[in-house]
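Okay, got some structures for you below.
After this come two complexes, each holding chain A, first together with chain B and then together with chain C.
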Partner chain A sequence: MTSVQKQDLRLFDDHSVLSQSLFRPENHHALFVTHKLGTSPAWLINALLETHILGAPLTLNESQASAINTANRRLANAVTRSTKNTAIASWVHNSEFFHSALGKLKIDPSRYKVHDYLSDFVLKYHGKTGQKILKNLVQELTAEPKPDFLILEQPELLLHLLNISSDELHLDFINQLTKIIPLIVIVSYTEAYDNPGTDTSERISANMIEQIRFSNGCVFKSIAVLGIRPLKTGRAKDVTGTLTITRGGASLSHLPIEVAENEYLFQTQKDTTKLFYR
Partner chain B sequence: MASLSSQNPSVILQRILSLKESTPFILVLDSIGRSGHCILDEVAREAESSTTVIYVSFESTRKPDYATYFIEGCSTVSRLLDSIQPFLPSPEQSKLSKGKYLIMIDCINFVTAPNTVQLITQLVSPSVALVAVAHKNHPEYRPAELENYPSSLQLLQFMASSILELFPATVDDTAEQELESQLQRLEIPRGLNSPTYKLTLTNRRKSGRALRYTFKCDSTAHTFTPIQEDISQAEAQEGTEALEGLTTFNLNTSNKQRVAKEQVALPFLEAQSFNTGGAIVYEFEKDDDYDEEDPYEDPF
Partner chain C sequence: MSFRKRGEVLGGPGANRVPTLGTAPGRLPYRRTPGADELGNMTDRMGGLSMREAHGQTDSTAATQAPQIDASHPGVRPSPATSQLTTSTGCQDLDKLLGHMGLPLGQTLLIQEQSATDFSSVLTKLFAAQGAVHNRADGSSAFSKGNTHLVALTLNQSFAKELPGVYQGSKKDVKRSKVSNTESKITVQNTLESATSSQIAPRDLKIAWRYGLNDKSKNVAPSNSDIDLENYPNYAHQFDITSRLVPAPTSAELTLISPTQPLPAVLTQLQSVFQKYPKKIIRIVLPNLLHPVMYPPSYSQLSEVISLLHGIRSIVKQNAERAVLMSTISTDLYSQTGGQVITTVENLFDSVIDLEPFPQEMSQFLSRVYKSQPNKIQHGLVHVLKLPLLSDRGEMHVMRSEYAFKNGKKKFEIEPWGIPIDDTEVQDSKSTPETLAEEHSHTRVSLDF
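Presenting the complex of A and B:
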């Protein structure tokens, strides 16, 4: 595998990961990242954060030393980039997780904001109604300085934490955020997703219905879906899984870009992830 | 069903998309493989410039360029109706105004089954057309007491005067099955939501007869090419040939007769108009034997 040519990550046909067209005024978009058991999306989340903060996914395809050098160079002459506001909200990782990952590239924590909804979430919001909590969360996530790029890691857990329906989560949380923030990335765990369709007489549990509706809703409102899954053939020493970039349900006809549909193989080793074509 | 139709499928589709056909409620059925916004774009493109477009959005926060008004969707039907109705014409206004009103709903799945009927009946009128997108394979929670009540999708399909069902373009049945099994696990392959897709139109005629046509569509070139046309023509030909020489009578129908047959309104349609409240509709004819003194014979 070492002889195989490494490939740059690109999501759009202007050869970009996060195209500048997405951040035009009055434009609001969503990306949907799905992942399954055995393929953590941490490397992709980091790559997207690095792209927004530093202009490129530096840890992809590069050794850690090389990535740090490039990051230092970019940080030194990229004072202008500080105008960008990046935020991450996670229900499965605490702030230390992100500080440690981005700290390796010497990215100052003031350049991004981590909302830790893993620690003490239940204690903090105990006794409040689901609607009120969602309103509070929207206020927290859109507080000044308003982020222009937000990653939500597993917001579907709110369905069970707040005992709300998927429609409420979409209308009162995701839609409210997309209305304010130019680009949001929803990262969701879809291992349990099993949708037999509406024609079948198979009964689906109420929890599963909400999960399916939430995931479907995310696909329909996203411009691109980034699917990470393990190899179909099982484990391999030189490949961890596949990343498929596909168009989502939302239209991009109002922008001069198109989603660059692609399928990469990826291999995660220590601190770096390499991308290849099949 | 399309086999014996006398009309050109492309013309019917064009008329439906441009709201020239009498179809007050157009249902667009889509899936993850091909989302329905392309049909909303086509309807907006075909509609006359004087049409007022009210876009009710549950999924997008961006107002489309063609929308006159943009309304954010909410889960309560009464609130939703309250926010839409100020933009609709009053009965007096609709008589005077020449322009049409078009309501677009980008995801009607947010409205629960018991509220679907209320929403549609209160919005649709002779001067207001409704185009609603419904996602197939979008399961809904149904309480035990409503287990035997039709699902939202069934109700919508029953009420719609035209149904446009979208499918991603696939090579053959095997590819279709493979795609279905992948989407069942939310593994989305490349090539979906592309500008080229398959569309099935179910058009309910005034007679109550449903005509079904399939098209290959291209949303960039805005073309709708009927497919399986050859097969249906061959079937029609076979039907004609089968009737020939059977009897000394002519059992075939001419084109003119076929058109006349399609335009016959079947009596049960009267019962579906919702205005009669279940009353027996009786139209007095000159040859009817009507006895004024018999109280049981009063048909009114």
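Presenting the complex of A and C:
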């Protein structure tokens, strides 16, 4: 794929990944990232984190060595980034996963905060009331220093871990967070959602309904939806999958930017991801 | 002067005689074995008897070989793909399929199986048996010390007794190894034989050395598998599923946890295993996950299932440097259409492999095609859905119908799948042009000279 021109990732029409206008204190926004079996969103999460911490998604389209060089230069210019607080909360990965990914760019762990909701979550919260736990989680996630950018990885697992409905999860958790944090990114696994069997149209299980309601709620709340999925034709050696950027249900009319709707092909190999057009 | 029978084994409790005999000049206490490998094997057969211990010296290497989770563990090697420490699943073809020559430590593997067959249970037993064999690789002290511990979440109390034994080779190999075993023992007869052979040996060796005949290692370029075998001799074993592992793992090697207990009890028991064996690799097996015979009805609810798997995943990830997990599930019990159980369970595992046994028509077709080679008949397809570490970092590894498996007495084989050509059909198609040719044979005959 050397002949194919690499493309920079841009989510908004001001050629930015995370536009500065999103972080105005009076505004609160959400992005929704969906992914499927076979295409883990780790690279996109890293790209978004890098963008917020270093100003650009350095590992995209670049080799590991050149990304580290650029990261070092940008980290030296630390003054510009010191005011930003970044946080990640994950229900499927522990903090080590993120530390090792971001550690490759020598980003100091003090520049971001990882809320590890994989380790001991069940032992800590099993059998307790969902609402109280959600309140606790909101308090933990918005504790000082308050983050201005938060990534939630698979919060839909809370539906089952706490045995709550999607409405409760939205009202008591997602909505509470969006009221406080300027930009949150919800990363969700939608393999089951997109893939209901042909005979399920008549009888959909209660779990599936909750999952669909949760995903729909996220789509309507977010300004942009980033969908990662494998190629429809199956596995290919030179393409991993597609990244589709579409507008979400929330309006951006109060801001001078628009979502740059687009579809990229991407290839992830070892630690690098390359983006290009079809 | 002592009177001993010719075949009586010398040594035993008085093994400390061996080195003292060895130090006597010009006299060989045990049968001379050609090559250092044989010598190594012999010390193995002597039950890990250390020469240094016999001298009364403190064995300094013993301390370094103590069970620590590092490269010295016999069941651990670095992955060729990511160089992360990896342990064998007990099935060498599955090890290769996973892309790391095994399952990397801290990773979990789910084996799904469609239809009512139970091929996946073979893989779980191999996985558990491999752990037990690793545990015993260091010698007889493994029962008290050991380097690996097994945990099985099952109601089956005889799980330990069902584990397969190490494949000893074909009947001929077994006989040969028995003969060499008896020859290697230090008996009066053997020492006499070795003494006579040692007198002749130097002359032969001299000639062999002159012509470089003894220098096999330099001449033959070793293949990859040979290198693996040399570097990691106890990494992966071959098992015979018709035999049983003897002695069966005891409670010192295997912990059984009942899934019928309340969820927090299961998780705390699992955690306590990690605390009890702080320096061992812990192999967790969840055979027949969510099978209604073993799991209480409450597990049919997604909230209970996810809590169990999330809790177990958290424990594995907390002990990522020394834990591996394998689980099997029947997808027919919880089909894709009946909710989202399978997709959500898949999501909580690092690697997922799906076994799809062939339907009857396909099996019949294969048995017809491979009539003369029944060893080649595959039993089903292998679909790869996720690979450990690689899928997690974003690589796409969904491979459907690219591999097929076949289960045999001594091996669970996974190989690239291709539909074989039916000879009878080929012959039919061939026969038509031949008959046509026969029809036109008149012209051919006239032209022939």
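Quick note on the criterion: the second predicted complex is superposed on the first by the 268 of 278 C-alpha atoms of A that agree within 3 Å, B and C clash if a C-alpha of one lies under 4 Å from a C-alpha of the other, contacts with A are read in each partner's own complex, and residues count from 1 in each chain.
As a working rule, a residue touches a chain if its C-beta (ideal position, glycine included) is under 8 Å from a C-beta of that chain, and two chains touch if they have at least 3 such contacts.
Because the structure is predicted, anything quoted here is derived from the model rather than measured.
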Superposed partners chain B and chain C on chain A - clash or fit: fit
Contacts of A:Lys221 with chain B and chain C, given as first, second, both or neither: first
Which superposed partner A:Ser19 touches (first chain B, second chain C, both, neither): neither
Touched partner set for A:Ala42, first chain B, second chain C, both or neither: second
First, second, both or neither for A:Thr178, with chain B first and chain C second: first
Chain B versus chain C as contact partner of A:Thr34, first or second or both or neither: first
Which of chain B and chain C A:Thr70 touches, first, second, both or neither: neither
Nearest Cα pair across chain B and chain C, whole Å: 14
Chain C-contacting residues of chain A that also contact chain B: 195-197, 208
Complex interface listing, chain A residues touching chain C: 37-43, 91-94, 96-97, 101, 118-123, 126-127, 154, 157, 160-161, 163, 189, 191-192, 195-197, 199-200, 205, 207-208, 211, 230-231, 234-235, 240-241, 268-271, 273
List of chain B residues in touch with chain A within their complex: 30, 32, 35, 37-38, 41, 58-62, 65, 72-75, 107, 109-110, 135-141, 151, 153, 180, 183-194
Of all residues in chain C, those that touch chain A in their complex: 263-264, 267-268, 302-303, 305-308, 310-311, 313-314, 317-318, 320, 335-340, 343-344, 346-348, 385-386, 391-400
Touching residues on chain A, where the partner in the complex is chain B: 26-28, 34, 165, 167-168, 170-171, 175, 178-179, 190, 193-198, 204, 206, 208-210, 212-213, 215-217, 219-221, 225, 227, 229, 244-251, 253-254, 261-263
